[in-house]
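Per-chain residue numbering starts at 1, and chain names A, B, C and D are given in the order in which the chains are listed.
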């Protein structure tokens, strides 16, 4: 991925103003497409810098219980890929921050990888996170993304050796998504010295901006990450808040993080 | 069994007066010892010539459902071997026909074979039918019976070959108990030509009087046997009558047979 | 005058006269088969293609280590087709039935294991089949009844006496005395009139013959002790027969200690002092009987050991001291079963678990270079109703209650004419 | 860039990044084991002492005659310890787990067969064990859950998605991505990311290797056709692997036809036209999915075949036409099971009965000097709840209702402080 993508540019520009950006995550169609729209609006108003829009899939193997359930409920409520793409198009046109798709490979495979990537491009989606698609399995995808100058984001984990990090980085664009611990989304992470060492290792193995996710959910977590990463990712926690306190509570939560 | 027993003598005497004697069967202690006494009295009054008194046993393998149940009920009501012997003693002393014990070998074995036979002798019982004791297993028993001049009665069946009949006859006294068909007590028998042939074969293989049992229950059966056998045995049918119509009905039934 | 089938004072054939020629025929057929090498060859062939003989011996690695002392091995009769050693006897008698030209088999069953084995054999050989089973046992052991019926057998619930195994045996004899011409009675254990104890032991000797060779092959020597549970005695006779001439091998028969000593609470005829010598069900042996010779109620957590009598050959070995008899109580047995499941992944039948319990008690006192061998006569997974009750599993009870509610709903649905999706 | 484990276009390893090094480790361990003759020797030794390999082949004498045409043989995987071919895979992966120095295993299970096998292996090897099972299946398959728990396994009821097998697989992966350091995921069939399809097939190839030799030994020639049911595909891969190079042997995979064609009513991915190529659960194959790629509900009377995907190697053989795929409907399957029980005394699992159903359909059209071989992948006696429902036995329902009433009474007794006698 030699060229700098629009996504990376946008991130680097924002980083001029803020030391740590905030990326949030929603599942399209959960609890409904109207709610998705409203949550995005609230998040953007509250100051979120970029967002992952997850297209629901029936077998989200890398997701924990919260996102898993959101996927299932969205599908039960009638979410389809086409509807997800349409709402994404509307979101992208209405709100002026970078958006990425997060979904599983079968969604792309079934849609047609090239067609899916073209559609991203035409919608204005700037990158994709496909957690069950290692570069070795995703040559078509990588080529299509590169052709359209979109950002394929790959994941670093505490289990990833240095050479594999470099390999992943070479196949990525936009930023690197670094997971703070083992396990699925939505579980506790201890923000510790070990984590600092790990993040330093991530930094050493990529020149791309570094996003850190899995378990970020408070002002303290954000403070901890400041200086060690470029983007803090808040995933399950916002969905948990929608679930527990309703769509309207999201704004306050996000504001508490960026305050 | 060289010597003629008291039992055989008594039978032969009665046969001077009647062409076919009648032997009935009761289970001691069923439904109660008092009832046993009363049934014996009724039967003797009705003209029965000799009787089998069954000492109840928990595993009456050669008996059919009716007698089986009578055994079980007698035991449940508290029948013991001692009580059976005592009631037998009373019966023998009060009624002037020959009585035999019918029981299974374990009763003798547990009591002591010699002791049991002596007790029969002292009570005045004239013979025993032990359906699970073939001569080969009952040497002690045969010796003790012979010593006390009591009659060990053995059984002929349609399956018994001629030589075995002769062997059984040689080890018997009093009479031979010939079963009219395969199976356990209390089931239907067809009184037919086959049966006549079989009874002729029985006759040819023993010089002892011939009793025929299993399934005799009507005046017609009695008529059929007259001339072919010396004793008709009515077993389960009287017990069935006690069960269905009560103790008091037995007399009428027996009278209908001897009429 | 024939007087055969005695082992010291035990055994004999106390049979109704009508069965005498049937037993003569059976004895001849058995003796001829025994003399005919091709019969045993055919038997071995059948057992190795229809069941999976030779069954292996398995070392209990974890428990040998945990308990210390002797190394523990199990002879895996649980791997037999139909799940127990009962298959050995039943298939052998099936071949004999064919040889005698009979077309129908009958059998008694207690737990249902022998009934299932016989029904299976009948399906395989194309015989008609009737199984006698105490009404109590029919009610308790529906899974086995279900399979017998699926195999085409008629299962008769015997409502006489204590409605358990001994009553089923009596009833089978009652059938036999009527239908001996075309029917063979497949007695399920090494009891009953001669030649059954000897004949059943012969078929079961396949266990001991294999096991002795396997111990030599796998450990280089004979085991110090061999354990088997004792119901009627067939699995014990089967494995003991392989070692009976080996003076250095101690044979241990383990009976059902139930709730402990005292008539009515157990089924230990030889290990406890509650049994006396008697004659019933056609043979002479130790029975749990009262002073009059009436058979008494017995109790065991395992239906297969819950029987008043015991093989006359084992009574003989008891007198000659060739076999030592012990008893394991219900509690010890359930514990031994759970331990074996938990630490070895083996599921011994509750019957077999008696042998395991005794072995676990003795192994720690033995030397680490000794080996002991347990006959794992069967597997417990078919007895889940009994086992779940024995271990008192509340989730199982909830499951059954829920299932019952579904069935009751379903019946209502059907009454209303709705099928289920 | 590694890109391995493909069979034509099928297979691959579509795994979360966090598992990449775990899969690398697994692949290396597998390849080393495969190169190391002593590993396979140890495996054979284990299978012949802990289970009863070689399992026999049995000629179905009665049905061969009744149906006319080809002689029918069955490979008896039902005789394995724990009652199915699943044991082969699980014991092999157990040895591999030990080799990798891991101390905990996890597994998914549908019917419970693979869960029981894994829990058994864990008890034997001394591993901690967690089994993931759809909540629906936990409710339906309590007997298997009971045994898993007795073995010491933790059974987790998965309440996500359709609450069946595929959801259990997802959940097992979620455990694995957290605990990969000490944990091996014992996948139960020839599916999932590379190297699972290949590795599971390797362990199961023990079936085909044995069966080929046994057919030659017992019949003097190769069978004309070999039948196996296809859930994930492991038993089919196991037996087919023995004959895949024999051009004259036709291989027939039989899928769950359920209630017949049409998405949602069956689980036939290759025999019917309702599946399309997709990627899920870490691999690429035919899936029963909608136009968006969302997995669809499947249906089969047999829980073990009720799965959305199928082994990528079988998808490959489907394309190369090395295997012919057929489907048998629920009704045909229950009929085939009952016929096998009734006439052969064999109790094939409902899964295995799919293969029997297809063989019975084809045998009469074949020549009497041809032989056919069915892989009898497991026995049904543990699935009595399912089978009794499948054959709709009213006595079974009555039994459960009575048993439930007893439990409810017993609970009242206990509440009142009375023990039971």
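As a convention for this text, a residue touches a chain if its C-beta (ideal position, glycine included) is under 8 Å from a C-beta of that chain, and two chains touch if they have at least 3 such contacts.
These numbers come from a predicted model, not from an experiment.
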Message: Using the contact definition given at the top, which chains are in touch with both subunit B and subunit D?
response: C
- prompt: How big is the gap, in whole Å, between where the Cα atoms of subunit A centre and where those of subunit C centre?
  reply: 65
- request: Quick one: report the Å distance separating subunit C from subunit D, using the average Cα coordinate of each chain.
  value: 32
- prompt: Just how far, in Å, is the C-alpha centre of subunit C from the one of subunit B?
  reply: 37
- prompt: What is the shape of the graph in which nodes denote protein chains and edges denote touching chain pairs (line, ring, star, complete, other)?
  reply: line
Statement: Every touching pair of chains is listed here as A-D, B-C, C-D
Field: List of subunit C residues in touch with subunit D within their complex
entry: 48-52, 55-59, 61-62, 76, 79, 81, 83, 119-124, 126, 139, 142-143, 145-147, 149-152, 218, 338, 341-347, 381-382, 384-385, 388, 391, 393, 395-397, 399-405, 407-408, 410-411
Query: Along subunit B, where are the residues that touch subunit C in the complex?
result: 57-62, 64-65, 68-69, 72, 75, 80-82, 104-107, 109-111, 131-137, 139, 154-161, 164, 167-168, 179, 182-184, 187
Query: Which positions of subunit D touch subunit A when the two form their complex?
result: 1-3, 12-18, 20-22, 160-161, 166, 169-170, 173-174, 177-180, 276-282, 284, 287, 289, 291-295
